[in-house]
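Multiple structures are listed underneath, in structure tokens.
What follows is a pair of complexes built around subunit A, which joins subunit B in one and subunit C in the other.
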Partner chain A sequence: MLKRLVERDIYDLLGRIADSYRLRVPGLLDDGTRTLLPWDGQQISLFGEPPQRKPTAYFFPQTDPLLKIDPRGQATPAAVAEKPFALFGLDSIDLAALAFTDRFFSNPPPDDHYLRRRNGALLIGLTGYAGPSRGFLPLVKGNCDLELIACGEYWLARAGCKSADHWLAHYPPGDQEQLAVLQRESAQWNHRAAVDVQQAMELLRQDMVPDSFWEEIASRCILCSGCNLACPTCTCFCVQDRQTATGTVRSRVWDSCQLDAFMREASGHNPLGTEALRTRRRIYHKLVADPERWGEPGCVLCGRCDRACPTGIGMFAVAKEIASRFAISSPD
Partner chain B sequence: MTATLTTCPYCGTGCNFYLLRDEDGRLTGVEPAGNHPTSRGQLCIKGWNAHAFVEHPDRLTIPQIRTKGNLQPVDWQTALDLIHEKLSGIAEKHGPDSLMFLSSAKVSNEENYLLMKLARAGYGTNNIDHCARLCHSSTVTGLVETLGSGAMTNSLSCFDETELIFVIGSNTTEQHPLIGSRILQAVWRGAKLIVADSRKIRLARHADLHLRHMNGTDVALLNGLMRQILLEGLENRSFIASRTENFAALEKSLAPFHPEYVAKVTGLLPEQIISAARMYAKAEKAMIVYAMGITQHSHGVDNVRAVSNLALLTGNLGRPGTGVNPLRGQNNVQGACDMGALPDVYSGYQRVSDPAARLKFSAAWQTRLPEKPGLLSTHAIEAAAAGKIRGMLILGENPMLSDANQNLVRQALEKLEFLAVIDIFPTETAQLADVVLPAACYAERDGTFTSTERRVQRGRKAVAPPGEAQADWQILCALLQRCGVKADYAEPGEIMAEISGLTPSYAGISYARLDGNGLQWPCPDAQHPGTPILHREQCARGKGRFSPVAYRPPKELPDASYPLLLNTGRTGIHWHTGSMTRRSHLLDREERSAFVEINPEDAEKLQVRTRQQVKISSRRGAIQAAAKVTERVPPGQIFIPFHFAEGAANALTNNALDPESGIPEFKVCAVRIDPC
Partner chain C sequence: MPQPLNDSTSIYVPQPCTLLEVSDLTPQEKLFRLCLDSGGELGQQPGQFVQVSIPGLTEAPISVANSPTRRGYFELGVRKAGTLTGAMHQLQPGDTLGIRGPFGRPFQLAALVDKEVLLIAGGCGLAPLRSLIQYCQDRPGDFKSVHILYGARSPQDLLFKEDLENWQSSETFSCRYIVDKSPGSSCYDGETGLITRLIGALEIDSKNGCAVVVGPPPMYRPVIAELRRLGLTGKRQIMLSLERQMRCGIGKCGHCTIEHLYCCTDGPIFWLEEIEHLRGAL
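Now for the complex of A and B:
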């Protein structure tokens, strides 16, 4: 089912979704960055840079109360809002990140707390000519419930699953030929960092990157932890207990493998006791361990760690350096 | 969810981020402002965790009064009435100058302004000061004398175009991480980097030259560089001739500082001094960056003079990519100084001793004002210990951990007839108070903050304060009204309107103009775009003044009984006395308790291993901390951060004060280490 929507149809569609979901739509913040915010019925930012805050934060927030333990030891799980989220404005990269974390948290034993928010949520992709300056964003292959494809003056719309068909039922049909054109464009679309990251993956797998490289990269790190906190596939958290007059509140808090205490043992010994080891782990985990575990890298190429890193050692930058320094040049 | 743009509460870099709040009104996290000129989508680890302490259960939520030895909850009216009754009673009986007011570099410009108004117009004393006394008072004194303005001369964007950065006494990647990263980016772009620091700080790994001079020998080092520059004819003659005065005196004063002598004093090699001099002087555009390593000495003002002399000698002033760049520590320590939370000046550094300034403020505030400059905070502690200061109001400061010589501070605060503390947490200082008032923290009130590059920016309220806590400006208005001083501001923007009317450098600043990226003062009128670089055509005082200085060693050096030199400071993880960061889970977990850095050579002599508890003693006190054996410190020196109440570095430090700025010698005293 392919439909054709004009701008007012989008507002109509989102209005209906907002009745039963906590709808988040792209909006411009005070400094001009885009993020997904509650919809107040006003103008929506329909194209631009991807939202800065990672989309996984809606289901796995930076600080998230899990349960409260009263003085008698009775534990009550933290309440989760009745209405599920509907996130509008996700590109193929952010949808891939959500699919990655969905799989991680659903893997047995499932993470009930994540799934209580995630189950029933509606993911709405926004692709086509919806990028910065109306640039092209490749179409998604599944990973969402609805996809709106910007075509200039109008949008093509399709459901990612049968259960979402009804949202689009009353719109006129879309042009299949146009969809085919956009699909061909998507197939030819190349991410600027994909080649470097792919090459870095190969070189790491072949053990072609010496320890001295990681010492050099680590020496540039100023330990801000931003790479982890900005990464939409980073799922590590630590547990915070806070005693109040009425009991203990247990929360989980985003963690960072770049911190010394991440792996520090009670004795004080740390199996990842140097910055070089921790930096290596950050890259290696995404590019080698994740493909072994999940069949695909933990880097979805969103570029958030590169933006968050004050010293230029995000994933793209490191992959580029690995690729340029350790690739064996072809015989010719 | 809401996203509220605000200014980071930690260091003076001036990063902006969004505080994220969920539907229940809880803070869920922080997102750096992507397009802000300083943060650029980035933060340090403290910034990324700046939401974490806000809802901590230890927050003060209700006013308290000490009754039968214990702090007991009371209503606001009773608490405020008691403060006013006690302070005015002491002022009446012993004179207004028996009171002391300590303001805070953590509260807004508006709140600093109101507290200095309260001290001066409300209680009739100039005894008001704040923690700049402990960090950059040497800068304010030194640079006002040589350049006419005590602030960072250039802007952070200058790092993007400079040829050389000379960092002396600043652990920039840990204390101003987003400035440190900018320095590193400059190095990778091709700029040269000289680091002068006895510790192997992170920046030193990337330096072209790392000078590990002995703590307290900065004057010798800087004079040595200048002598060498003159010897080789690398000074900027035309700049000296057209823009400076007193050169002959400087030249004469440098004569003894030949490289061999300087090497002997500093512990460096003569060649290092020669090459540093050449490298700095040959750069077309060079920036000097400094912080506590320069200022926190019994000769801190002399250190600042020497830094300023070096920049003037080479003409590195008033142009992009140059300058004398003191990095201010707290997010509003620049603003607290600008607002006149200092004993000798009103806002905009207008002197209380100047009859015209006094008349202007008297007319605006409709009251008579005292003309005698007040006490420095460090002198006030001594005066309190001697029974001369009897009543004190402390706003958002924790001298029990932050001031030198903790025993003296405790003795002083305990001796007071009356102590009132306004804070967000029950700090070690609040524990000694007669009245404790609960304040809103940065996330819970509006106001403006002035960063190290003189950028005035908005802080915005994202959540409601806990319990009955109130914004400091509201508390101060209630006290001003009790003093009979008009203070009926509906919101902080109205206070800023009063400030800009009385403060020439802030005259063009209003809330309406601060949206976006803020404004850098001086901003003299409503159309003025702000001033990224000071001293462009001429210095604020006219000619830049060379101020010759002689080398004086620190007051207390290691000897047979106390053979090690103690250096103190902060780490990259924690903030000052830990009241906020030790209540932020990720930060607390990273560094849980007091530690002491010891060089492997000393550790071997002392038979000390990493993580072993040791006793560290000075002539003033003793503490315990876990040993951290590391080559970061040179042999003979140990380093202890002052964040930890249970191993308080300032129980050991020496309250030897600079004679002009009154800053204590936090960076040098003599200690010994014994096994526990």
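Now for the complex of A and C:
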């Protein structure tokens, strides 16, 4: 089902969605950046830079109460809001990150706490000419319930699954030829960092990156953990208990593999006992361990860690250094 | 899209259990005997662990120290090392705890059947290995022979002293233990030195041998080298239990990863060849 919408139709569509969901839409902040905001009919920022806040945080928040324990020791799971989220404005990269965390938390034994929030949520992609300066964002290959495709003066809309068809039922048909043009453009679209990251992945897999490189990169790390906290596929957490007047609230809280205590055991043994080992782990896990485990890298090329890192050792920067320093040129 | 959930329970909610007995193993280690308040069995297999929960102090992973063949209770050997284990050491019979689990890949029991089995523990590693030793004790016909080797730092660090005497006098096992150092004031008259000394003294049919090793991380490499000198050079001949920080026990928190493996779900029991090539595993 392909439909044609104009901009006021988008507000109509979102208004209907907001009746059943906690709808979040892209809004423009005073500093010029965009973020997803609760929607109450306000103006939506339909074009621009991707929001820095990771979309996976809606289903795996930074502090996430898991359960309550009453003074008698009886534990009950923490309640999850009845109304599910609807997230509007996700590009193909953020949708890939959500698909990654969906698979991670669904892997047996499934993480019921994540799934309670995620099940029933509505993911709405925003693609086509909706990028910075109305640049092109590739179309989505699945991973979302609805997709709005910016085509200049109008929008194409399609449902990602049968159950979402009804949202678009009363709009006029869209132009299939226009969709085909955009699909061809998507197939030719390349991420600017993809080559470096792919090359770094191969060099790491072949063990071509010496320990001295990680020592050098780690010496620039100030342990702010911003890379992990910004990354939409970072799912590591620690557990904290907070005492309240009515008992104990146990929460999981985002953790960072860049920190010394991340793997330190009660015995004092620490498999990641140096900054170099931890920095290597951060990159290696995304580019080698995740593909081995899940069939695809944990880096979805969103660039958030590079934007967050104050010392320039995010994924793109490190991959570029690896590719430029250790790649063996192919013989002519 | 994730799959729908069928019920309202949560994998993060501990089930209540009650402390039946507490006994001192050493000045730093105690043995806790517990039962589930539900009246059911824990259902563990040798080598598995539970997450022990105390409100206000979160959770800690503790190996189960008794065999499932000993029914009606489960036991945890716990060294006082942090706030949660420190609080556990203050508990009295009748007190309650929370438990999640059992979790993890257990010892590969089928691989030990009809084998010359070497059970090698260092320090606190005897607690999880005890579950397998008891299992072997209760199924003596399953194995060709069972050799227990145990090393501790000093005589006062030896765990399960009564069990050690029992195993030494048992016809099911050969059992030797050794301490790194024995202070002159000690009345200990047993062997001193590293556990590798005990391995080198063994005579076994190496082609039919299988070793299970549980100990502190620095123990693994020298013990593996000694086992190889003994002739255990094939696949599925050396099984290890790895120690890692585990916050969840179910492969979600990420603290126990070894490259692409999750120690809490892919382990803690591994065949040597599964992890030997992975950086940081040993």
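Worth pointing out:
In this section, the second predicted complex is superposed on the first by the 332 of 332 C-alpha atoms of A that agree within 3 Å, B and C clash if a C-alpha of one lies under 4 Å from a C-alpha of the other, contacts with A are read in each partner's own complex, and residues count from 1 in each chain.
Here is the rule we use: a residue touches a chain if its C-beta (ideal position, glycine included) is under 8 Å from a C-beta of that chain, and two chains touch if they have at least 3 such contacts.
Quantities reported herein were computed from a predicted structural model and do not represent experimental measurements.
After superposition onto subunit A, the partners subunit B and subunit C occupy separate space and fit alongside each other. In the superposed model, subunit B and subunit C sit 80 degrees apart as seen from the Cα centre of subunit A, a figure rounded to the nearest 10. When the shared chain is aligned, subunit B and subunit C each come close enough to touch A:Gln243. Legend: residue contacts after superposition of the two complexes on their common chain; A:Gly152 is shown touching neither subunit B nor subunit C.
By the touch criterion defined above, A:Arg116 reaches subunit C but does not reach subunit B.
In the superposition on chain A, A:Ile222 contacts subunit B only, with no contact to subunit C. In the superposed model, A:Ser106 lies in contact with subunit C only, and not with subunit B. When the two complexes are overlaid on their common chain A, residue A:Thr311 makes contact with subunit B while staying clear of subunit C. In the superposed model, A:Leu272 makes contact with subunit C only, not with subunit B.
After overlaying the two complexes on the shared chain, residue contacts for A:Leu66 are found with subunit C alone; subunit B is out of touch.
Contacts of A:Cys161 after superposition on the shared chain: subunit C is touched, whereas subunit B is not. Subunit B and subunit C never share a C-alpha pair closer than 11 Å once the two structures are laid over each other.
Residues 238, 240, 243, 255 of subunit A are contacted both by subunit B in one complex and by subunit C in the other. Contact residues on subunit A toward subunit B in their complex (touch as defined above): 22, 24, 29-33, 35, 37-38, 52-53, 57, 61-65, 81, 219-220, 222-226, 229, 238, 240, 242-245, 253-256, 259-261, 268, 307-312.
Within the complex, the subunit A residues that touch subunit C are 66-67, 69, 73-77, 102, 104-107, 109-116, 118-119, 161, 235-241, 243, 247-248, 250, 252, 255, 257, 262-267, 269, 271-272, 277, 284-285, 288-290, 292-293.
In the complex of the two chains, the subunit B residues touching subunit A come out as 1-3, 5, 16, 18, 20, 22-23, 26-36, 41-45, 47-48, 51-52, 56-57, 173-174, 177-178, 180-182, 184-185, 188, 202, 205-206, 515, 572, 585-586, 589-590, 610-611.
Within the complex formed with subunit A, the subunit C residues making contact are 1-5, 8-14, 16, 53, 55-60, 79, 81-82, 85, 96, 98, 216-217, 243-245, 247-248, 250-261, 280.
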